[in-house]
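Look at the two complexes coming up: chain A is in both, with chain B in one and chain C in the other.
And now, the complex of A and B:
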């Protein structure tokens, strides 16, 4: 089942790369975060780790529901451009994505041999990091760049869950706090733009 | 208790920043002076001192960095008092600046004092995010664009740091469990880490994240553009405090990496920093305004500090670091005065300062300009001597003496390009252009005197013996 969730995590990120509408992108980000949360819950349950279960619940509440909702509100408040065409053409992106996947699996081969629990997942989280970077690079607008940054945060969490079976609770809560702070700062940055116009 | 004392001024500043009273500007400045008191107390306490269990531990290295940062903070606050005399700034922007300065300070205390990789990252991220809004206090389209730029590139850099931290944590977790986040335990058990390759990979990724954040190759210009677009006290905070928080992390991580495989660390960092200085020296040669010039010079000095540290000369690195932490904010604050009301001319910039205040101002700026290019008796001159000496000693042990001498000669050629550019700029500032009467205010002059005194104090025998005891 974990394989299925992690597959969906990667699939949602790939679909997000080809999305040309903002709300659809937010939906895929929410779905991506939901898969991450469910993954944390399943791994936490299988290894009987309460901290990871709490992380999973917070991920679902904050990342799968809270942040997409806030971003949608912001987009309505500040009239974001909702047509977000990627700068990289589809025919090139379709070649680039598998190339990144193959490259990251090759890159992470020595690491995979060292981590015995959920070994392939480490490779997937590294590829997710690269795909999130691609999402940030292929768009000119700010909104998809923010989603790219948030997806990058998801990839880091995936690495934390799979490579280390969860980081210390204090650190994970701190990361969540910083994420919320990032959302506040993003909100303020948009706010000023509105005032100037 | 100590943690409350350390954080209290920042919290008070945060609350005060919501007050719309006109006098709150002075009260906010006074609160930032109070930051120094608990840090001085921490400085005299026996080390290591546990501030918050084993998560926040004060040792000689981080109290030194924190003390430097607090002095820079005071200098910047002094210069802030007259910011509105040099640039157009709204009272609201002032308050917001202090609000985010308070958050920045909280993040900084956590990252500098942390003995835990995760808490270090959390503090660094908080400090980074709060500086994003500080850039925006300048209501111009350029500042708005650069604030977004900083948000995105900064987020990528910080994410790379966290990515590396997770890998390092994963490498040490089999032997240390959840304590694999603690710096002191990682140093003590570095040789027992079961998968050194995983650790080294994590270290490399973290280091690249840190280097991107400090403007190293290939991101040489992003920091310069941001500092150009923001108000000059923000640039001073970037160079004097935020970069200190990053470099203290590099010191911590590299202490572990040195024990795992010193040769790998040395070659990776040495080549990276040499490449950075190579590119930066030519960018400095082409720089046409003060901000970019000083910003790029900051990248060069950070690269030198990193180079000295990995070459086995922690004393040289820390002395250079201290001198840079005082000199660069002083130069950025001077830039604010030199470029008053948007006049960016280099020629004659130092002319026209009359009276006691004016004379003291141009004398101090000349002193800082010549000190930053390591003219003796600048502390940078001594740190470079020690640093290059350490590089030769390291090469002797590894039988690479000829390659190292070649690298040092190459480095000296690059440094001489920077030296030539700074001297040409100084001569143009002092002897070319028109002479128009210009004003300098007392508070910014006090800030510059503070930096000059702090710089001289780095050469005191007691400071030198303290720094030598850190290595």
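And now, the complex of A and C:
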């Protein structure tokens, strides 16, 4: 079942790459985070780690419900452009995305030989890191760049929970605090964007 | 053998029912007075009684193209995975044969659209060629990746293997193949993100434009062909991606199979109600996503084995 959630995680990220509307992008980001939370819950349950279950619940509440809601409100407040067309044309993206995936799948092989864990988890989290980088690169508006940044954070988190069988609780809470700081900075950025207009 | 022919006959009979169920359910969700679930049969018998009028420009192709549209699809119905455990099935037919037969049917439909000599027919044919050319690579890739997971290239045998041994260890690539195949199901049957089956608006119609000049018996045959096509895709989806319930006794297994068909139809209806139709030049983007997922499914299976 963990494979299924990881597949959905990657699938939502790929669909987000082809989205041209801001609210739809936020919806896919929320779905992506929800899958991450469910994944953390199911891994935590299988290795019987209470800290990871708490992390999963916090992920679902903060990332799947809180952040998309806040971003939507902010974008309504500052009257953002809701039509976000990717800079990279779809024809090229169709070739680029499989190329990235193949590259990262082969890239992860030596890493997997070093740490003894499931190959596909590491490969998929590294490839989703690259795909979120692509999501940041292909837009020139602020809001989708932020979503790209947040999904990059999601994929790092996925790497953390799958490759290490649970980070220390303190590190995970630190990451959430970082995310909060990021949202404050994002708010400042939005103010600056509004001043420019 | 009896069960085999009976299941094909039942699938053929349930085809118009499924389409009118979708139409009625859609009207219900849009708060209209829904049509009866038997409207498909009524339309068929009405069209049989009507006079058949042909365009003056049309050649002999119009006389035999409707039969050549329907017959490859009927042949495909014999190659579908079995509905019931222990029934006979054709095990050696692979993805290329099924895709080829479906595109043979599409080819004659396009020829039919061109033959009437009206501007609409040609426009519809060119659009259909555009869409079906993009559908084919994704279709072949998807069915091959599922066949690899099932361990057999034959589609019928793959359905049986999947029901016997669900690929738990390949869940990720199975999921990608499922997403890709569902997009293809919408695109090949002309459902809403690609084509609206209910309008006759010249900017949007694809399938309706090709059959605009037909009437009477020929129209009835083409309508049957489009419902049979939906049933083929839905039952391929049901037996390849929802492979449950084959182990029960014959009537129960068949009931479960038809419940799965109606479930797929309901999902399609929910998508139709919630999503606006795409512009024609945006359709390659949607089918591009399908190709990406199909390729991703193969790659995930080969490289990661997940």
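Definition applied: the second predicted complex is superposed on the first by the 191 of 197 C-alpha atoms of A that agree within 3 Å, B and C clash if a C-alpha of one lies under 4 Å from a C-alpha of the other, contacts with A are read in each partner's own complex, and residues count from 1 in each chain.
Methods note: contacts are C-beta pairs under 8 Å (C-beta built on N, C-alpha and C of every residue); 3 or more make two chains touch, one makes a residue touch a chain.
Values in this document were obtained by computation on a predicted structure and should not be read as measured data.
Using the contact criterion defined above for the overlaid structures, shared-chain residue A:15 touches chain C, although it does not reach chain B.
Once chain A of one complex is fitted onto chain A of the other, the partner contacts of A:90 are limited to chain C, with no touch recorded for chain B. More chain A residues lie in contact with B than with the other chain of the pair chain B and chain C.
By the document's definition of touching, of the two partners only chain B reaches A:164; chain C does not.
Using the contact criterion defined above for the overlaid structures, shared-chain residue A:142 touches chain B, although it does not reach chain C. Overlap of the chain B and chain C interfaces on chain A: none, as no residue is touched by both. Here chain A touches chain C in the complex through residues 1, 3-4, 6-8, 10-11, 14-15, 18, 90-91, 93-94, 97-98, 101-102, 105-106, 119-120, 123-124, going by the rule given at the top.
The touching residues of chain B, counted against chain A in their complex, run 55, 116, 118-119, 121-122, 125-126, 129-130, 132-133, 136, 139, 141, 144, 147-148, 151-152, 155-156, 159, 162-163, 166-167, 169-171, 173, 178, 181, 194-195, 197-198, 201. Listing the residues of chain A that touch chain B in their complex gives 110-111, 114-115, 129, 133, 136, 142, 145, 149, 152-153, 156, 159-160, 163-165, 167-168, 170-171, 174-175, 177-178, 181-182, 185-186, 188-189, 192-193, 196. Those residues of chain C lying in contact with chain A across their complex are 168-176, 179, 284-285, 288-289, 291-293, 295-296, 299-300, 303-306.
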